[in-house]
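Working notes, structure below.
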Amino acid sequence: GDSAGTNPGGEAAPAAPSGEKDSVIVAMNADPTGFDPQVTLDATAMMVMYNIYDTLVESDGACSSDIRPGLAESWDISDDNMVYTFHLKSGVKFHNGEPFTAADAKFTIERAMVEPATASYCASIDKVDAPDDSTLVVTLKVPFANFLMNLGGSFFGVVNEKAVTESGEDYGRNPVGTGPYKFVSWSSGDNVVLAYNEDYHGEAPAIKNVTYRVLPDTSTALVALQNGEIDALPNSAPIDAPTIEADPNLNLYSAPGATIAYIGFNTQAAPFDNEKVRQAVKYAINKEEVFMGAQDGDGVLANSPLNEVMDGYNPDDPVMNPYDLEKAKALMTEAGYADGFSCSIKLAAGQNREKVAQVVQAQLKEIGITASIETLEKGTYFEQMAVGNYEVYVGGLNWPDADDMLTYLFASDGPFNWGSVYSNPTIDELLVKARQENDAAKRSEMYQQIVKITDEDANKIPLYFPNQYFAAKNSLKGVRVIDNCYYPVASWSWE
Amino acid sequence: MTVKTEKPLSARPEGEEKKESPFKEFCRRFFRNKQAVIGLVIFVMLVFVAVFADVLVDYDNQVIKQDIVNKRQPPSSEHLMGTDDYGRDILARVIYGTRISLTIGLTTVACAMAAGIVIGAVSGYFGGRLDNVIMRVMDVFMSIPSMLLAIAVVASLGPGIVNIMIAVGLALVPGYSRVVRSAVLSVRNKEFVQAAKAVGDSHFSIILHHIIPNALAPVIVQATLGVGEVIITAAGLSFLGLGIAPPMPEWGAMLSEGREFIRYMPHLVLFPGLSIMITVLALNLLGDGLRDALDPQMK
Amino acid sequence: MSSLLEVSHLKVLFHTQQGDVPAVDDVSFQVEEGETLCIVGESGCGKSATVQAVMKLVPTPPGEYAGGKILLEGRDLLPLSTKEMIPIRGHEMSMIFQEPMTSLNPVKTIGSQVGEVLEIHRRDLSAREIRAQVEEKLSLVGIPDPARCAASYPHQLSGGMRQRAMIAMALACEPKILIADEPTTALDVTIQAQILDLIRQLKEKTGMTVLLITHDLGVVAEMAQRVLVMYSGKVVEQGEVGALFRAPLHPYTEGLLACLPRVDQDEEELYTIPGQVSNPADFPKGCRFHPRCPYRQQICKEISPELREADGRLVACHFLPGERVRREEGAL
Amino acid sequence: MTAQNSAAGQGAQAPLLEVRDLSTYFPVYGGALSTVKGYVHAVDGVSFTVNQHETLGLVGESGCGKSTLIRSILLLEKPTKGQILFEGQDMQAMKAAQLRHLRRNLQIVFQDPYAALDPRMTIGQIIGEPLRVHGEADAAQRERQVKELLEMVGLQRGYYHRYPHEFSGGQRQRVSIARALALRPKLILCDEPVSALDVSIQSQILNLLRSLQSEFGLTYIFISHALNVVRYVSDRVGVMYLGKLVELAPVKELYTTPRHPYTRALLSAIPIPDPTVSRERILLQGDLPNPKNPPAGCRFHTRCPFAADECRAAEPALTEVAPGCQVACHRAVRGEI
Amino acid sequence: MLKFVLKRILMLIPVILGIVLIVFTIMYLTPGDPARLILGEKAPQEQVDVLRDQMGLNDPFVVQFARYVGNMLRGDFGRSYATNIPVAETIAERFPKTAELALAGMFLSVLIGMPIGILSAVKRYSILDNISMIFAMLATAIPAFWLGMMLIIAFSLNLKWFPSSGFDTFRQMVLPTITLAAVNAAVIIRMTRSSMLEVVRQDYIRTAWAKGADQKRVVLGHALKNSIIPVITVIGINFGSLLGGAVVTETVFGIPGLGTAMVNAIRMKDNPLVLGSVVYIAIVFSLVNLAVDIIYALIDPRLRE
């Protein structure tokens, strides 16, 4: 803790006279991995980066079609939806004092196009031009309906070319943006300190200093919040919700989350190449129970990979919880596995996917499938999944845009279609079409069609969307919960 | 010239003096030590529970079968220790966990001890350069804090019961081999070993017949204390998320599973925690008792 | 005039797991000013326990002073507390032990260990004076380079040197009585000769009284004026050295003398005392020596003989030499 | 002395054991890298012979290399140089099997009766061990033989199943002797067999050793630091000082006319249990020098009352000065002292 | 003495090389492709292969090891796969907390353990002795993380005496230090006690009594220094388990030390960080033991030669 005005030491914070207090301490459940928007995609880092960087356009997270101007004051779209021309704000300065120009915006997008972490988000972009300092022209390869929304994502946070080149490999530790807060310090594993940016081009925020404290243990973090060692606790655990609500000093904010938990299969290897087997699993899984077990019933059940905030969502179709043990057993017999078989469920460590796996493990036992759980370290997990070395897995995907969600999961080259085990030309075609379709209703219809196809061949079994929680002192005002990593501190203030 | 002077003259055969055999003396010393007996009794009970865990509880239906509706029930007459996060009976899991934890503890220590005995005996008996090399290698292993060595091994092999045992056991070997070695060194130059050599006995036979039996006592003590250590370390690894895969009811894993509910439902961590504590306590009492009984002068 | 040290009916028990061991059982003797009294006896017969009791150094537990008196210049030491013993130990009586290596503190220099006695008992001395005295004492015991020796640690000295340092320590406050518990057993013969010679010289010089414990009859013959022979916790014979060696009264003393091979005599076959010392936790009834005694009679098995005077000496045997009948082997 | 007579009678016979210029050095490690910094010359160029049925006594102060010498003869310690000939055969040149066979003829009795017996074995197993190792006799025969041996050393047959801790020091020493006798060896090496025993027990063991010798025609090398004991059992006596044999002579000669100054000092240092005997005593100055770095020249010169310049300069060789009498002293050889 | 120290320092070199070899080998055997990890789940295989080549992951083991040691000698432990930050910097940033924690734990346990151990030995079988033995027994039987959790509930949540997390202010340090010190204090108590009891039976203590020393002089002047010698070895060895135990304690109390970084790194498969941290701590531990050996020699003159 080396920044003036913050109190990362966490002595029970002295009750500063209200109104005078202008700093806030926010918990982080893990140490961020760096603050380079085109390199780092981890949720804790993004929580910080949202406050450091601006994007050309803004959307609430990425799940809203409500697009607001950001660093671009306005924009024109060509008739064929292929060329976007942005008119940039003038007088905007980076935290290092450099003026913001179109060249930086061009640099940012071109950087995003080549950085391995973000390249796949830029697949639709053909080229970027900066004809003058305040104009940026982006040309697409194919029309892409969600392009603007995509551009509001944190990975398009605009960076300063000079700062990036100067810092080289260490840029992640010396981020320079145009946002309301500038980076002060990051002491690894302990805290990240941000300070108010005096030259901010927007409205001056009420909170001047932000400290993010790493508190990996949720129960410790809650004690810290209750003791006043911290002011806000993003992603508080569902189990703690009643305690927080009962605490007169605390407020609990919640929002439907956009992270889906699902079960996936390797549809190319026996026995899950057999559709009957997958169906059997689908009917054997009691989503309610999984939901209770893993989530304490907190959130909403999923009947498809889409939820209410996304295009193409239909609560009635497919059926929410198709659980039917008899049918499942019958299907197993039909598939020739009346006596069941053994398989493994893979998952990446560190989330509550383990609980999902445990419940599913128990449920599969009912239809004779003996599943073992393999909790793998992330790296191993990805590596094995990428080459299709798996049978069943518990997946999670945080991508609250129907196009991305469905593409990632079901497209032949979708990154979460692990090992490209699934390929359905109809779906690939529909996805391309939908992307180019500007009529929302028609697009929704196409998405529904995809959902239906995948439900029928039981390619993946969607389970639920957990709720998003955010606990804070009730004297902290202006808190909005939008996405699990988007908490704009600039809108907060002390009572 | 006769030498049988003492026999007819001594009032009674001298051997009949009331000197006990080492074993009897050991038993008497051990059983006079109340703490040690308590430790032994608890340990025997635990072993009993571990051996008959299958009979006492139904693995499929009580230990791993979930009952989500009844999750996290407080202790009641139906579930004496309550239920866990998946509605499983904690008592049943604690009982079964005895088997797992004791298996981990005992197997790990047994393997480490076997390795330690071989390494220590060879190193101590032959001495010289071989001894030097082996002991330097052991030094190196000892220079890596055992928890870190375990963490590195788990990081490499991944979690899982066998890997945990390897990880924890590896760290124990140097300690055991040192104890064995120093015991061997103290035996090696004893004259009865020299006598066996003088007769022409082979190295192998000497190590087997003379060295190991006489060097065993301190290792056994060390091992008894080691079992508790292993159980705690394994639990610690489980706690860090580097331990045993679910749904195996290892106590450390149970603790770490129950950890997020510690505020609201302390029974989730209380019972597995107590189980670890009692087991380790019993083993420590037993180990101390053994040590005092085997050699009252040992530290 | 009373003796310098008078021990009467001293009894020391050790509480052990096999039962109570009467390590010292009704032992009485006097030490006169200026004399050398030797206590001899086999290992475990209670020699050390006796002299440790005199210094009140028997570890309690497991030991216990079970009775008797220890009069130093008429003052009984047994009832004294540890605190009250402090001015006596090291000052009026001091002691040296068998094993000079383990009896010296390995982490302190010889100088500081010798000096400590002075520190304790001679409060009037300054540190400098103490240092000077230490060196003086060290040279007194024949250490060639006292300053260097004072700065050394015990492990840097040879056995003989260490024993000399021990003696210097014991003599630091010029005690009235020096108790030496097998001071040469751990040393080689040539070194033993040096140490014994040293004790003799010091005695001549200072006239101190020496209580010497040994199991070596040769040492007794060279050093003692009077001898106390112990067997199994009891005194079996006591008397002037010449007479005792010339004509031992007790069968044990007799056997002891006869079974020694000598450098100055040839013998065809050695005499042996058959059997072995009894287990102290389980002494035989009657005379404790009777199982090994060639002259035993029925009475020996039943009644423990009292010390009685004979020939100017004290002996604890039912029969004096003239009254004995040697039993044939196997007659029992 | 029967043994001596028989030895004298067969004087022409080849010696049972011949030790030629035997040296055993122990490396001393030191320095930063634990390199060899020097050697303890524990046994340094010792030569002697042992004849059939005789007892060779060896005396010397603690650390002078007596035990090392014995252990080297048994090849328990690898000699640095020199030869050991048993019945004319070079032991070091032997093959393993041959050596194993030869070991039957050479046995050892140790000083410490407590350490010499494996506490975890019964007396029967201990005494039977040599028989077992040499595959002699089956279990039943072995038991019979062991019981005979027990009787032979004056113990009861019933002790067969007892453990060492049930016995006193003297009894244990008898067990050790029984073990040494099991293979009917020709030569028994006794390393201070009575030093740890009380005087009253010591004579029992000494008598036992002597009677066994005459009964079985044994040959002994008998080590002790007690000159009186050595005198009682030996036919010839060797005196060692700092790894060297300084004098070797028939027992009478040595005790009546010791030639080496060290032998004289040693003899005079021994207290005689007779207050009437008074002797002139030669008190040696100082301690035994450190064997890691023994004095140059005659090793005894630092403590020798007769030391002259030549003693500091040159090492005296063991020289025969009278029939069977050898001494390693410049001045004694010339009869100057 | 200087020679002794130099010798010990020289002996450290092969030990450290050995440590690196062992940990490097363990981590080398880790399944999983670091290149894939760096590039992320979505990167195409060709790109991964190129990176593998660049990182030298295709080189033989010996080459990789030699390179690692070479870099290490220059203070370069590589860069983290997860954050791309040089591992050496992370260690430099994180280790001080771990060291503070371990030192505080050691300090507390010695402060508690030694006096109690001595008193227990001097007043053997007294109430104090019994209580401290019971404490010592219990403390070794309680898993540290469980103790930590219980302490948080009791003193942070319910009594609100101490904060539940962090390690900067004195009050923050209390609970973690107690958690870490408990086991060690128990070990030190037992060790000191038995060592003291052992020493008290020695001949030179009898000599001290025979000189007329009083109890204070005997215990403090003669027994203490001798009985401390084995305790110091234990303290040295236990420093390793404190450094290891810090991993757990840090996790419970959310302390940003090297331990949490390491656990995190394992989760993220961040091999360079795991490797670097383990090697670094092991080296520190070796240095601590070197220091212990030197102290040892200072106390015990027999070891100086």
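Going in written order, the chains are labelled A, B, C, D and E, and every chain counts its residues from 1.
Criterion: contacts are C-beta pairs under 8 Å (C-beta built on N, C-alpha and C of every residue); 3 or more make two chains touch, one makes a residue touch a chain.
If you're wondering where the values come from, they're calculated on a predicted model, not measured in any experiment.
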| item | value |
| --- | --- |
| Minimum number of chain-to-chain touching steps separating chain A from chain C | 2 |
| Contact-richer chain pair (by C-beta pairs counted) among A-B and B-D | B-D |
| Longest centre-to-centre distance from chain D, chain (CA-based) | A |
| Separation of mean Cα positions, chain D and chain B [Å, integer] | 47 |
| CA centroid of chain C to CA centroid of chain E, Å | 52 |
| Chain A and chain E, separation of their C-alpha mean positions in angstrom | 39 |
| Centre-of-Cα separation between chain D and chain C, whole angstrom | 32 |
| Numbers and ranges of chain D residues touching at least 2 other chains | 168, 171, 204, 207, 210 |
| Chain B, residues touching no fewer than two other chains | 1, 5-6, 14, 17, 19, 155, 158, 241, 259, 262-263 |
| Junction residues of chain A, two or more chains touched | 217, 219, 349-350, 377, 380 |
| Of all residues in chain B, those that touch chain D in their complex | 1-7, 13-15, 17, 19, 21-22, 132, 190-192, 194-201, 205, 209-210, 213-214 |
| Chain B residues within the chain A interface of the complex | 60, 64-66, 68-69, 71, 85-86, 155, 158-159, 241, 245-247, 259-264 |
| Contacting residues of chain B [partner chain E, same complex] | 136-137, 139-149, 151-158, 228, 232, 235-236, 239-242, 252, 255, 259, 262-263, 266, 269, 273, 276-278, 280-281, 284-285, 297, 299 |
| Sites on chain D touched by chain B in the complex | 34, 71, 74, 76, 99-100, 103-104, 106-108, 110-112, 115-120, 126, 129-130, 133-134, 151, 153-156, 158-159, 162-163, 165-168, 171, 176, 179, 183, 204, 207-208, 210-212, 214-215 |
| Complex contact set, residues of chain E against chain B | 14-16, 18-19, 22-23, 26-27, 29-31, 137-138, 140-146, 149, 153, 157, 191, 194-195, 198, 230, 237, 240-241, 243-245, 247-248, 251, 262-263, 266-267, 271, 274-275, 277-278, 281-282, 285-286, 289 |
